[in-house]
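Chain nomenclature is as follows: A, B, C and D, assigned in order of appearance, with residue numbering initiated at 1 for each chain independently.
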């Protein structure tokens, strides 16, 4: 479910040129200001093992939501992926305690969260027993089919 | 200066399919007859080191004449290539003896053949002294710029 | 106008709708299965939602997922394309119940036209010609002769309980009728234990001609002329033309008036197509398609009217901004469906498209969601794209089609391009002289 | 009709001519330099001849090689495209002397229009408006006032011996004229040692508007309306429209009639373009191009007329098969020249095109000789292709252009696509409100 704010194409061009210089020189940051335009380009060299999805050849308008996320969890053995499109809720009602928190031990079949689809609240059970090590979604967030929700391992 | 007679596309398809089977099975020949159509496809397995030009990706209508010929002489050190577009003649007049024959020794500057362009007869001198080992063109043949004419080595 | 439309489809038609929406300033939401995460229709939309795994029943036919995708993205309307949920009346209803506009006809009309028997009865009442017949069993030869004379020979004698060609006899004149009746009755008795038969006009070499209509919710119905889709293989259209080589302006206006009158009476909304068999100057209703059709571009090419734009406009409640008299037909257009199939056996050929290069220049249009490096998934239809060519007359169009086909490069999968390269040189095709049986016969001659 | 035509050009225009010939059933011969052996125009032709090494003077400008290529292949006519030998009167003559038809105007007319001073005199005699001026030196202020009043203010006082802007002064009213004359005279005297000056109308924010004509050898001359090519950078057109946002039907008909009358008197043959500056409702002749132009497709899109087909037909001696009253202008078209250049600095960017994916759908045309894997050689111009978009009105056309640009993918080299993506959102461009200075000013603002 990706949206994009499109920058002015000429500025986009300039940003990409600067990014290339950044890459080439090994700098972590370039800032430039001219003719009413200020641009700052930075690269977080510390980021470890972050998968930056290569732009597909014909990509222009929209990053495919199926492309790997910044941190690709799709092959994580403890992944709980969304079985449906809908809106994720971490608690049974607004203000109530969340079903699970990071660090909780859960048993197979225990409700991890709720996904609302077509006015129906669907309880999403844990596919296995184990510890909740990551909660990826936030309360009220729309999710698509296959989207990573939590990690239980 | 390539021309192409285009076969019926469906037959072209069939030929290519048969060629693939030939390749796959290592056979040297396949003949098939059905519904008023007879097709024979053969592959000369004895042909040594013949460079078959790979079809360019977007090729459809015309084999580019710049593509390598069946035997690629373009990098032969003894090559005499045509310096112009025109019609090649191996003798000074019809019926006369040819300027050179295979096996002849020639000296640098000696006329090898004539190329007619715009009603003008252009004598083509040998670029080096040596022996004529190949005469590629035939009398009265149109040649393009860069086309192999002879080998003198 | 809508701010955001969800496109409940994939492939070239999702691209087509996306293009129309963007040209209207409407934001788009693509849906996709996990198999289509890298598809062009996903890349080109403003937003995308993965609605399920590869099988269509779990993704592109998954009504709850699609309705939820509308809700979570805030899409105000859904365009169903063709196929999938486009003629699912229940889907149209559910969408409407959720306050989302279905870009298509009213659910009742989808349902009516989906029932082939009811549809035939309904359009007959509305004045659309259907195949004439005895309207029930014929019990004696004198009745049969009277009815056959009214229908016109040849007539088909069909077992009422029939099927699969059994109990079917053709009578080409009154002298053949008694024998045909007797034979059909005895075959029917033997095959089905019931000797009742009925009569129907027998069409020998009909063409498939269909009329495109567009209707708004203020009672205006416009027709946009006909398309000739006679070149079919196993009831799948492969080549479509506008106009038909068999119709002139007078015949076009006449059937167009019949159709628009009928749909005005019906109160139809949106785009739709009435399909006919056409023989000896007469039209016979087959069915009505209550959606955009694959072959709609040939109509766009000769009328200059963007059918998807109009479809979205009338779905939003807008009125058609022109009258029947403003619709002009300019030149000729042909569409070839380029499928990932063996051009002789039509065996599907999914897989990686290594090189994809489309023809260009004057009068050439390609509608496709393919690109170099695209992997055609095995789960859906085999349509790679549509080559649509326009010329000032049919001859110019054919010449342009021929040169366009010679420029089209699709490497890595088998395609039907070689079939079309054969067709453009066939004298019958060049002359526009073909019926719905022509292509099957041609393929029999070619493949044996 | 000709059996075989040699195309003495390369790139997209060679493709364009090849397409037209093939659609007419004419065989084609491509010529190419060694650098272009794998070029698309070579692949698409029926035959090809390598005429020389990469430098254009030795290949595409090599008259003996090209004439010989016609002779050895048996081509009966030669199409010069644009650029290269297209406006070389001597080439047209030599071709004719060899019994080969030059697909273009008569050599005398090419020569006349190639001499800018003679051309201006000639068209003025033929009734085409030119920039009004004093037609010679002005020696006293009273004469100057009288002439300036006749021309209309503002007027430009120019040194007769001038150049580079020196000795040029603008007078916006009669009160400024004496000072302008004095200043120009003294500057001219100082710079050139000659104080004679002359007067010319000063155009402040003119548009570049040109009229397309087509003439046969039976004395019929037709105009196909105008193109607005005001968006230029260093006198290079980058964006062209038909019709001009500044003209209405009445103004179009009026200038069209002036131009066709003039060319009828001249006895012109073939296609040609009269270029004008346009300001405050008046046209001022710049020059005549005696050839097909890069931007001819926008005219084809709104008239439905294939200009190259007509060009070949009239070169063969055929008459134009329609009258001026048959020419109708339908909708609006825009062309963007997609160059292999940095979109800010316009530095050429030859090299390998790794991925080439063109936009498709209704109203979109791409004229290009590029493909995925094509290596743009550094020897020739930087034009990769032309994106031409048609809509029923200018707004639809602009929206379609916007979405088409978002679909266009050219990977591996820099292109001017980002420039056009900026332009389609600029209010002045959206409103059609620009002069020949607009683009340069825009680029100054962008780049600083």
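Keep in mind that, in the parts below, a contact is a pair of C-beta atoms (placed from the backbone, for glycine too) under 8 Å apart; a residue touches a chain by one contact, two chains touch by 3 or more.
Remember, predicted model here, so these are calculated numbers, not experimental data.
*Asks:* More C-beta contacts across B-D or across B-C?
*Replies:* Higher C-beta contact count between the two pairs: B-D.
*Asks:* Quick one: report the Å distance separating chain A from chain C, using the average Cα coordinate of each chain.
*Replies:* 41
*Asks:* Just give me the whole-number Å value for how far the CA centre of chain A lies from that of chain D.
*Replies:* Their C-alpha centroids are separated by 51 Å.
*Asks:* Could you tell me which residues belong to chain A and also touch two or more other chains?
*Replies:* 57-58, 60-61
*Asks:* Pull out every residue in chain D that's touching 2 or more other chains.
*Replies:* Within chain D, the residues that touch at least two other chains are 44, 355, 357, 371-373, 406-407, 409.
*Asks:* Among line, ring, star, complete and other, which one matches the pattern of chain touches?
*Replies:* Other.
*Asks:* Following the definition at the start, I'd like every touching pair of chains, please.
*Replies:* Touching chain pairs, listed by label, are A-C, A-D, B-C, B-D, C-D.
*Asks:* Using the touch definition from the top, list the residues of chain D that touch chain B in their complex.
*Replies:* Residues 30, 32, 34, 36-40, 42-53, 59, 64-65, 67-69, 71-73, 98, 371-373 of chain D touch chain B in their complex.
*Asks:* Taking the complex as given, what residues does chain D use to touch chain C?
*Replies:* Residues 15-16, 19, 22-25, 44, 297, 300, 304, 306, 330-331, 355-358, 360-368, 371-373, 385, 392, 396, 399-400, 402-403, 406-407, 409.
*Asks:* Under the touch definition given earlier, write down the residues of chain A that touch chain D in their complex.
*Replies:* Residues 8-10, 12-14, 34-37, 57-58, 60-61 of chain A touch chain D in their complex.
*Asks:* Which residues of chain D touch chain A in the complex?
*Replies:* So the residues of chain D in touch with chain A come to 343-344, 354-355, 357, 406-409, 411, 417-419, 421-422, 445-448.
*Asks:* State the interface residues of chain A toward chain C in the complex, per the touch definition above.
*Replies:* Touching chain C from chain A are residues 1-4, 56-62, 64-67, 84-87, 117-118, 142, 144-147.
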